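Each structure below appears as structure tokens.
The same subunit A turns up in both complexes below, where it pairs with subunit B and then with subunit C.
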Partner chain A sequence: MAYIVDYSYINQSNLSFGTSSFKSEITENDLVENNFLTAIYRKQNYSYPKFFKMDNLSKIGFLNAELLLSHFPEVENRKNAGVICFNRISSLTTDKNFENTIIDSNNYYPSPALFVYTLPNIETGEICIRHKFMGESSFYVTEHFNSKYIADIVEDSLKFNDIILSGWSDFVNSQIKSLMFLVSKDKSEDSELFDSQNIEKIFKSLFL
Partner chain B sequence: MINILSDSLITPLGFCSEENYQNVKLGKTGIKTYSGILGVDKQVSCSKIDDILLDSEFEKQINQNSVKYTRLEKAALLSVKQAVDKSEIDVTSCRTAFFFSSTKGNVELLEKNSFEEDRLYLWHTAKMITDFFKNPNIPIVVSNACISGICSIISASRAIESGRFDNAVIVGADLLSKFTISGFSCLKALSPEPCKPFDKDRKGLNLGEAAATMILSRGDVNSKYTSFLAGSIRNDANHISGPSRTAEGAYNALTDILTGFDTEQIAFVSTHGTATFFNDEMESIAIDRMKLNNKPINAFKGYYGHTLGAAGILEAVIASHSINDNTVLKTRGFENLGVSREINPTRENLVTDKPYFVKLISGFGGTNAAAIFKKGE
Partner chain C sequence: MDELILKLKREIIETLNLDDMKPEDIKDDEPLFGDGLGLDSIDALELIVLMEKNYGIKLRDASEGKKIFASVKVMADYIKDNR
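Take a look at the complex of A and B:
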């Protein structure tokens, strides 16, 4: 059995982000000089300079993990903590940026920092580095948000990991939609089951 | 128990797994040295599938006009078709899962796309495969850098063990593109000459092309062919593009699968062995920490180059054929040990009577995986 410890989300269409118990919004003022993800970073006063080197997919993963894990310091540095992420577009947005760079034959060998982010699982890698998670890290791609597959795959992985950070990070019409769960084998008093129904219910309450 | 019912490889060394295995056993390689391949302005050594052969085999075996498909789709469909035909499973059943592992899929279409936009998505390639075989399930794409293939095998075995499926078709495919050649070049990871895994003169990796398929099934009795025993995936939590200096993730993955296991029974470790300085050094540390220093280890990159998302499946298939042939294959390109730990890469094909082999693999994002397989009865 798998249980939801808590979840966090980022929703660009209504400029909101937060966890189950905390919601914040980005105002036009916050956005003047920053893009949406940087505005969240600034608003939360995070200090992790590597953030600025990341592509958007990794930034989303980083921010969601910060929002979520700031409430659970006991989870940091857990050898058997894993990260399993899902999305629809893989790293295609970053792939297109890379392709647009190398299309110019004078720029066929750009900075290596660009190429590394043309893999979606760099998102999971960045989270593992930040929180010293040394369990399983995996990235899956499905055509649509699929709560059944997320529930099944994470429950399978939980047999080999104590706790898993798992979620969906995608761009719909260039708008960020991301939901991340902290999932545990252990049931606490008010924790809900991490099953297809509950995942779907939370996703719909935030994004539809 | 998870049995492997059948497999198939589409590579420059052959269009079925038996042909591939025989060519590897004879020491042949698919790697050639080119100048000007895909419009790249310098010398590149890589392993490329012949276009004309791919089209003719595709039209003969799949019976469809090859113009409608990308090179990647043709190689993947051919590979799955062969493995499915040999296995006799019902691919149209909802009890048969499909897994597709790839890092870059149809990325070559970013440069020039004469197909629809959706062809760029990994899920689209996977769905095209399930549609072709009239499988009713939504396919699962694993895109976990260079360990994607082994992750697919591990993920599929869990899906079968949990009872959700009876069989799983696992296909991995990645091809050469200007995109990946540029990327690995700017990381200074490419060797202009054929690669030399674990060698003191190694200069980096070669890229290669492959589509590789394995069909897994729940089984109560020991398989005639190979079976999958256990697998583990572990992150280094260290660096996004460099391996851990203490081989933390690889060591942890090996520890997970080998704790309590009699390592005397292991014939060999099939390593990742990309022939980059850092990868091979890291693997030597993992093997040393596991005290497997005297165990024969090999790497198949000298035959195929690095086939990215296909690598784990390709190498597990070749290793499976070799253990069923009581053989430990040589590490093509290896001559003199060039890593800091005393380990034992093969220089020749060896005879073995031991029944197990270990597959080790690592990738960007700090990912590592290890898996253990058993020869057929």
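Take a look at the complex of A and C:
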């Protein structure tokens, strides 16, 4: 069995982010000198210079993990903690950005910093590096937010990991929609089951 | 020379996404790698691309970078002598 410890989300369409118990919003003023993700980073006073070098997918993963794990410091450095992420468009945005550095033969300067992010599982790797997770790290690309598929994969992984960060990070009409769960195989007093029905319900309450 | 150093600092900040830094935060003689700006191996590759793209200087031997990227001042000297 798998249980939801907490969840975090980032929703660009209404400029909101938070967890189950905390909600914050980015204002137009916050966006004067920052893009949406950097505005969240600055609003939360995070300090991790590598953030600025990440592509958007990894930034989303980083921010979600920070939002979640700041409330659960005991999860840091867990040997059997894993990260499993899902989305629809893989690393396509970064792939295109990289392609733009090589498409013109007269201006052919492949960017190493972009190239390293042309795989979606770099997002899970960045989270593992940041929080010293040494369990499973994997990324799945699916056509849509498939709650049953996500629940089955995560539940299966909990046979080998004590705790899993698992999330969906995607872009709809260039707007970020991301939801990440902290999932445990241990039940606490008020934890809900991490099953298809519950995660679908949370996803719809935030994004539909 | 001072103009070139300032231009290089701006380019380094932009190319390496050092968003929290301003040119005045980078000292002319400060090491770019290790204890200085804390750049990594991907940053070194980006600097090699920067040298070629912005100054037409192609580093044939990647190990040269270790000496050339010792500091912004060393980079500027190298550009001045080789562009």
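Just so we're on the same page, the second predicted complex is superposed on the first by the 203 of 208 C-alpha atoms of A that agree within 3 Å, B and C clash if a C-alpha of one lies under 4 Å from a C-alpha of the other, contacts with A are read in each partner's own complex, and residues count from 1 in each chain.
The rule is simple: a residue touches a chain if its C-beta (ideal position, glycine included) is under 8 Å from a C-beta of that chain, and two chains touch if they have at least 3 such contacts.
Note that the structure is a prediction, hence the values are computed from the model and not measured.
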item	value
Subunit B versus subunit C as contact partner of A:I102, first or second or both or neither	first
First, second, both or neither for A:S205, with subunit B first and subunit C second	neither
First, second, both or neither for A:F139, with subunit B first and subunit C second	first
Touching partner for A:N29 - first (subunit B), second (subunit C), both, neither	neither
Contact breadth on subunit A, by residue count: subunit C or subunit B	B
Which superposed partner A:P120 touches (first subunit B, second subunit C, both, neither)	first
First (subunit B), second (subunit C), both or neither touched by A:I129	first
Contacts of A:S111 with subunit B and subunit C, given as first, second, both or neither	both
Which of subunit B and subunit C A:V83 touches, first, second, both or neither	first
Residues of subunit A that lie at the interface with subunit B and also at the interface with subunit C	109-112, 116
Subunit A residues touching subunit B - in the complex, by the definition given at the top	79, 82-83, 88-90, 92, 95-96, 98-99, 102-103, 105, 108-112, 114-116, 118-122, 124-126, 128-129, 131-143, 146, 149, 152-153, 155-157, 159-160
Parts of subunit B lying in touch with subunit A, wherever the complex brings them together	40-41, 103-105, 107, 110-111, 120-124, 127, 138, 140-145, 151, 155, 158-159, 162, 164, 178-179, 182-188, 232-241, 248-249, 252, 256, 363-367
In the complex with subunit C, residue positions of subunit A that touch it	38, 49, 52-53, 109-113, 116
Complex interface listing, subunit C residues touching subunit A	16-20, 38, 42-43, 45-46, 49, 52-53
